[in-house]
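After this come two complexes, each holding subunit A, first together with subunit B and then together with subunit C.
Let's turn to the complex of A and B:
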């Protein structure tokens, strides 16, 4: 890393760390990632960007010199499809493989875990995942003792390792060449989401809350130490950056207040507190609206989360969580798609005026920036952040 | 799968902990730490691979 880049990296890192600890840095830190909105600004289609990591990395390399952010959220793809293809995974459809080559990915939600699987899962979840779940979600691994099944597992685990190594090297390159500071290390989930997303599905888990609520509670309790471990392991030894926690079913009004307080929150709180006890902060990626639950979230240990504002009432989040937890957001993702650069700039000014006052605030898009976001709006956001963001 | 294997519940972060392997082996002639270090690292990788599929 040359001297100029090292200085830039140091400034950005200091801004991020100061805000995470609810302090006031020299400028309002700006956080943003490169979503699949970038695809239309390359010579590639979605399939090429998803499958060919050289092209995916190049898309990032090309824009980073003009991308003035303190905290970088990563490249355009969440996963490398060959790892999923190797298993014949039913969980996703990817561009060019089940979907049009110019479409983004889709999750295929099914009850991959049956209601009658609860007892086996609760008794020994890792065993159940290996011997029941994986064969059930993988057409290539339906018969684990066959050559086809064994080779599928080998292919996919090699791909898992290759991709992790390649991404690690890419982040190293971006840091050295562009002074990039990453947003988080490791990931975890709310145990209720682990159960409700890829295992029981939305329909399944909502029925379970009526028909077998004690099983839901028991399963969530069993998942807690696994989700703590998964986050810490994925982060290596790092406790400086928060771990990413995309939160789904806890958004209002998926669950009623009783269900939220009794079945969603206790195990999520246990994961966050468990991570905090190890010195690891959680990036509370509160997709959707969490306004009714802000008082409960405020029960968490000071600074144990950074709260991402998507559709949550930003003023209430500031009022209830501000000063004790860092807040991130201020730019509705819909405005990046449907707004104009002028409207985006006005929003940046308004958000900084309302939320940044005494520090502990990072400007960013709340929630996922969709593929139809306009590049000119994103660049206007970054420009306005620097214009209005000095303390 | 043996009954013993069926009843065994691995701790989070493990599939086949080293202590289980050592019980089966009843000891090794060489330096245990040299073998254990990589066993545990690769076992954790296997665990992470398995749990990856439920953490979409």
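Let's turn to the complex of A and C:
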């Protein structure tokens, strides 16, 4: 890292760390990633960006010199689809594989775990996942002890580790060449979402809350230690950066208040507190609207989360969580798609005026920024962040 | 206050009781259509509670499940009978998007309110929307989308409907839908929740 880059890296890191601890840095930190929106600015279609990691990395390499963000959210793909394809996974459709080659990936929701699987899952979740769930969701792994099954597992694991190594090296390069500071290390979920997303499905778990609520509670409880360990092991030994927690069914209006307080919140709170006890902060990625639950969220230990404002009432979030937890957000994702650079700049100014206050605020997009976001709007947001962001 | 015990059982989300009551009334020789009417009455109350914020999606999903089970029992008895139809509405999730939860809730509430819903499913090609709107002469077409990346498909579909000169109103719905999106895609109405969608239908068919 040359001196100039080292200085830049130090400034950005300091801004991020100060804001996470609710302090006031020299400037409002700005956080953004290279999402699907980059694809149309390359010579590639979605399938190429998803499947050819060199093309995906190049898309990032090309834009990074002009991408002045303090906190970098990463490249255009979450993972390399071949690791799923090797298993014949039924969970996802990818561009060019079950979907148009210019469409982003999608999740295929089914009741992959049946209601009658609860007892076996609760007794030993790891064993159940390995011996019942994986064969059920993977056409190549239907028979785990067959040569075909073992070979699929090996190929998938190799794909996973190859991709991780490649990404690790790319992040290293981006850091050294451009002073990039990553947004998080490690990942976790709310136990209710672990159970609801890819196991019982949305409809399944909502019906379970009426038909077998005690099973839902017991299953969430056994997931807690797994979700703590998963976050810590995925992050290596790092506790400086928060771990990413994409949250789903806790958003309003999926659950009624009784269900939220008794079935969603206790196990999520246990994961967050368990991580915080190890010094690891949670990136509370509150997709959707969480306004009705802000008071409950405020019960968490000070600074144990950074709260991502998507459709949550930003002023209320500031009022209830501000000062004790860092907030991130201020840019509605639809504005990046349908707005003009002028509107985006006005929004940045307004958000900084309303939310930046005494610190503990990071400017970022609320929710997922998708393929139709306009590059000129994103660049206008980054520019305006610097224009209006000095404390 | 509901005096109809079947409607009340729906409102209380008592799934076993609903099935028992439906079977009892069939055995008693009640007209299947009257029974459907009771179910609709209960469901419309559920819809109202959702509208006022007393019920949540978990209650709507449960209600949908109970209705489905009750209709499974009733369906063989309903053949040949014609329910009180308020009019045709075409509904689907636009091309490229395979999310169906929001769409299914809207479909359920519209059916409950007495509309004949032509549900095109998910990932619906542009031509299929146009064809269905043409054939059914539906005064209202509803398009659902979750992924903002698929909103462009919504615009193309609406353009195609307009190009055919069809005199149908279009309502779009989904999480990341707002006035900005409505204007961009050229829809007549937008809704972020099922009850707003229902209000628009009421307005159009009144």
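The rule we apply is simple: the second predicted complex is superposed on the first by the 391 of 391 C-alpha atoms of A that agree within 3 Å, B and C clash if a C-alpha of one lies under 4 Å from a C-alpha of the other, contacts with A are read in each partner's own complex, and residues count from 1 in each chain.
Here is the rule we use: a contact is a pair of C-beta atoms (placed from the backbone, for glycine too) under 8 Å apart; a residue touches a chain by one contact, two chains touch by 3 or more.
These figures come from a predicted structure and were not determined experimentally.
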Review point. Is A:309 in contact with subunit B, with subunit C, with both, or with neither (first, second, both, neither)?
Key: neither
Review point. Thinking of the overlay built on chain A, is A:91 touched by subunit B (first), by subunit C (second), by both, or by neither?
Key: first
Practice item. Identify the partner contact of A:124: answer first if only subunit B is touched, second if only subunit C is, both if each is, neither if none is. Key: first
Exercise for review: Check the residue A:259 against both partner chains and state whether it touches subunit B (first), subunit C (second), both, or neither.
Suggested key: second
Check your understanding: Who does A:288 touch here: subunit B (first), subunit C (second), both, or neither?
Key -> second
Review point. Once the shared chain is lined up, is A:106 touching subunit B (first), subunit C (second), both, or neither of them?
Key: second
Practice item. Using the superposition on chain A described above, determine whether A:198 touches subunit B (first), subunit C (second), both, or neither. Key: first
Review point. Which of the two partners, first being subunit B and second being subunit C, lies in contact with A:372: first, second, both, or neither?
Key: second
Check your understanding: For subunit A, which residues belong to both interfaces, subunit B and subunit C?
Key -> none
**Study point:** subunit A-facing residues of subunit C, complex
**Key:** 13, 15, 53, 55-59, 61-62, 65, 96-98, 101, 147-152, 175-176, 178, 180-181, 184, 193
Revision key, fill the gap. Touching subunit A in the complex, subunit B uses residues 9-10, 12-13, 15, 44-56
Review point. What residues of subunit A sit close enough to touch subunit C in their complex?
Key: 36, 93, 99-100, 103-104, 106, 108, 202-203, 206-207, 209-210, 252-256, 259, 288, 311, 333-335, 337-339, 367, 370-373
Point to revise | subunit A residues within the subunit B interface of the complex | key: 89, 91-92, 107, 123-124, 126-127, 129-130, 133-134, 137, 156-157, 160-161, 187-189, 194, 197-199, 225-226, 228-230, 233-234
